[in-house]
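Every chain is named by a letter (A, B, C and D) in the order it is written, and numbering of its residues begins at 1.
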Amino acid sequence: MLKKIKEAVLKSNLLLTEYGLVTFTWGNVSEIDRNKNCVVIKPSGVPYHELTREKMVVVDLKGNVVEGNLNPSSDTATHLELYNNFPEIGGIVHTHSPWATSWAQAGKEIPCYGTTHADHFYGNVPCTRKLKTSEIKKDYEKKTGSVIVEKFININPEDMTAVLVNGHGPFVWGDDSHQAVKNSVILEEVAKMAYHTEQLDKDITQLSCTLLDKHFLRKHGKNSYYGQN
Amino acid sequence: MLKKIKEAVLKSNLLLTEYGLVTFTWGNVSEIDRNKNCVVIKPSGVPYHELTREKMVVVDLKGNVVEGNLNPSSDTATHLELYNNFPEIGGIVHTHSPWATSWAQAGKEIPCYGTTHADHFYGNVPCTRKLKTSEIKKDYEKKTGSVIVEKFININPEDMTAVLVNGHGPFVWGDDSHQAVKNSVILEEVAKMAYHTEQLDKDITQLSCTLLDKHFLRKHGKNSYYGQN
Amino acid sequence: MLKKIKEAVLKSNLLLTEYGLVTFTWGNVSEIDRNKNCVVIKPSGVPYHELTREKMVVVDLKGNVVEGNLNPSSDTATHLELYNNFPEIGGIVHTHSPWATSWAQAGKEIPCYGTTHADHFYGNVPCTRKLKTSEIKKDYEKKTGSVIVEKFININPEDMTAVLVNGHGPFVWGDDSHQAVKNSVILEEVAKMAYHTEQLDKDITQLSCTLLDKHFLRKHGKNSYYGQN
Amino acid sequence: MLKKIKEAVLKSNLLLTEYGLVTFTWGNVSEIDRNKNCVVIKPSGVPYHELTREKMVVVDLKGNVVEGNLNPSSDTATHLELYNNFPEIGGIVHTHSPWATSWAQAGKEIPCYGTTHADHFYGNVPCTRKLKTSEIKKDYEKKTGSVIVEKFININPEDMTAVLVNGHGPFVWGDDSHQAVKNSVILEEVAKMAYHTEQLDKDITQLSCTLLDKHFLRKHGKNSYYGQN
């Protein structure tokens, strides 16, 4: 079942190491089949080079394992919370990629300081509030998803495909898992440059709304004119 | 037509990845044939590893596609503005290379802090003013070129082969596209070292004019004595 | 004698270069046989690519060479001090890995700023006091171990598998030498991110105890649920 | 003539790229034959991958080309000034390696903040004064050597094998060119860690003299006990 998606999730997990986004097993990728309401996700704690298509775990949207002999990623409940609340998204990546994680640890959103950022994220990359003690103690991984969803009340997950979980690290999504991996690479690059920009000028202001609009919409708007048709 | 230049532009685009200047498709290279008044440029949004000589796009100096089935780079109008105003230059590179882009995002010129800089750029690497709202809304890419040209009223593009577009990133040029790529590598290295120099001493002053002259001119002046004859 | 441990120590030493933790010969790995009370350790000053299983040196817990023709690592006395005082540990790594060493040089413990840290180290990574002049002048390497042991009076070496020696660099341990190498990689990554976190916000506070507990214990506690059974 | 030294200088030049110390042709290595009073040095501006043993240039201690068809490195006069004044040294490396150069550009010596530094350099790595206008205008490369020699009036070049030329970059030496390359790698690593140490604590103090002595002398003193006999 879901052979094609398993293959895609396997490949996307392997891309995490290829793009240098992960140390050891510090990252996981999932993808959803919106017709079957099933999610394919990396098994917990298995090194990337030992992964095979067959080892991918299938869960339903409540977290029940539908297929597979291994435990799913310990972050599965976070993924599911996002799939359940963001019907637009098809794939999710979680890593501890160092630049994005440094911003998350500082508890700061990543301000939009340049057109590289504006080309891909429509505004500052948000950072969630800290989880409350009660949220950490019970259903921690699900609640990690809840604070993300809470943060996105007025944000469209298609315009903003990444978030920083306060004190933790980034969750990133896309139409499918491969797109989510690419967005993770972009987030890391944007986070690195924003860091250096702030060090160069502590009082730097963000890009103007006009320039943000121009760049995001020439790539993503209905009148976009970047790339080939 | 322009087989040789297409080959050169292809090679120079591939060098961008080899030198680590680009993520995904975030960079483009062009080269001009000054006799035919035609510019060969990368097609928009095509990954570097899919590029072939045949996919290169030929445009005239007004931006009309003269040859090729793909859309030219979305930054084509910027390249043309530079070719039209800087008759000395033969090739142009645009990237979002992270160190130079961090300076561009901070809206700061790169001060000449050392002889590495002085060996290659004759003074501080300038940063343009921000574009006005009207310039962003109409003919944005052409206007991106215009603010560069405006900045160079009193600067010779042969002495200063790079510029930072405010909030965006570097445009770099040279006698041909290969030289422009090499200058992009140098800019990135110089930008990185200037960043660290400032962090080590916030009150650092620039290199003396005498030392700037010495280094730039021993490599580029009419009495240059670096390298072989 | 100790063929298997020698093989393990050889492999772990080679991993130091593979993971980019060492320059030249700036690192050494050892592993103990708790039944025989013998320690296998890298020979002093021998480049990693010249190491063979036969070149590994075996010493007893007083530092007498039991087997091998080469001098043991100049840091052997530090390793032994740790093995003698921390009966729980099976392998030790010492490197001058740049991020952890920068914290050691600054004489600062690494604060726990995020869940990546909390997943692996149960609290701030401690930094020893400076050695006294008398300690430097006599039995320096043994005393380097003593200040570590002193620092761990109220710390469990199983909960905290790394320490920074003030002005020097990290010592890291684990159940065996391979685990110690992995912990060294993690320490380096955590040190890097903590550095950038502080630069982003000089007044950043540490992770809450609840979140530290949650992350450390879901991986290491008796009710841990990370990974496969 | 000098076949063996030419081979050594060729190899050492190639090591510069292997160790990531140079961009393009930004570095040169030389080695001296103290019996023949001849120096073998890299030809000026030739890419490393085009170098052959035959292309190495031989000069006497006054700078006259004794053998070879190419121009010697434009920094030859600096090398010669050092050979003429430091009879203890056998090989010299000059690069613009980014971390050491950042300190040179800031005009600051590299303080000894840790044992990594103390293992290799006996005290702070000095930085020369700026050259005077007259020194830049006449015999610039020779005068670059003179300010180094001036700085070493009370420093033994065997205890301190590196120097930063103010606003320029490092010159590094050793018993032969291979040792000088290794010292260049070490300098870069030490410069990087000192930078990060200062960022972590602006008021950091240097290593105690006792600890400096301990580390330098256990590797380099007459009673050294590091490595094999």
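Simple rule for what comes next: a residue touches a chain if its C-beta (ideal position, glycine included) is under 8 Å from a C-beta of that chain, and two chains touch if they have at least 3 such contacts.
These numbers were taken from a predicted model, which means no experiment stands behind them.
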{"item": "Neighbouring chains common to chain C and chain D, by label", "value": "none"}
{"item": "Centre-to-centre distance between chain C and chain B (centres being mean Cα positions), rounded to whole Å", "value": "47"}
{"item": "Chain A-chain C separation of Cα centroids, rounded to whole Å", "value": "33"}
{"item": "Junction residues of chain C, two or more chains touched", "value": "199"}
{"item": "All pairs of touching chains, each written as two labels joined by a dash", "value": "A-B, A-C, B-D, C-D"}
{"item": "Residues on chain C engaged by chain A in the complex (per definition of touch)", "value": "113-116, 182, 185-186, 189, 192-194, 196-197, 199-201, 204, 207-208, 210-211, 214, 218, 225-229"}
{"item": "Of chain C, residues touching chain D in the complex", "value": "23-24, 26, 43-46, 70-71, 74, 96, 98-99, 101-108, 130-131, 133, 136-137, 140, 167-169, 195, 198-199"}
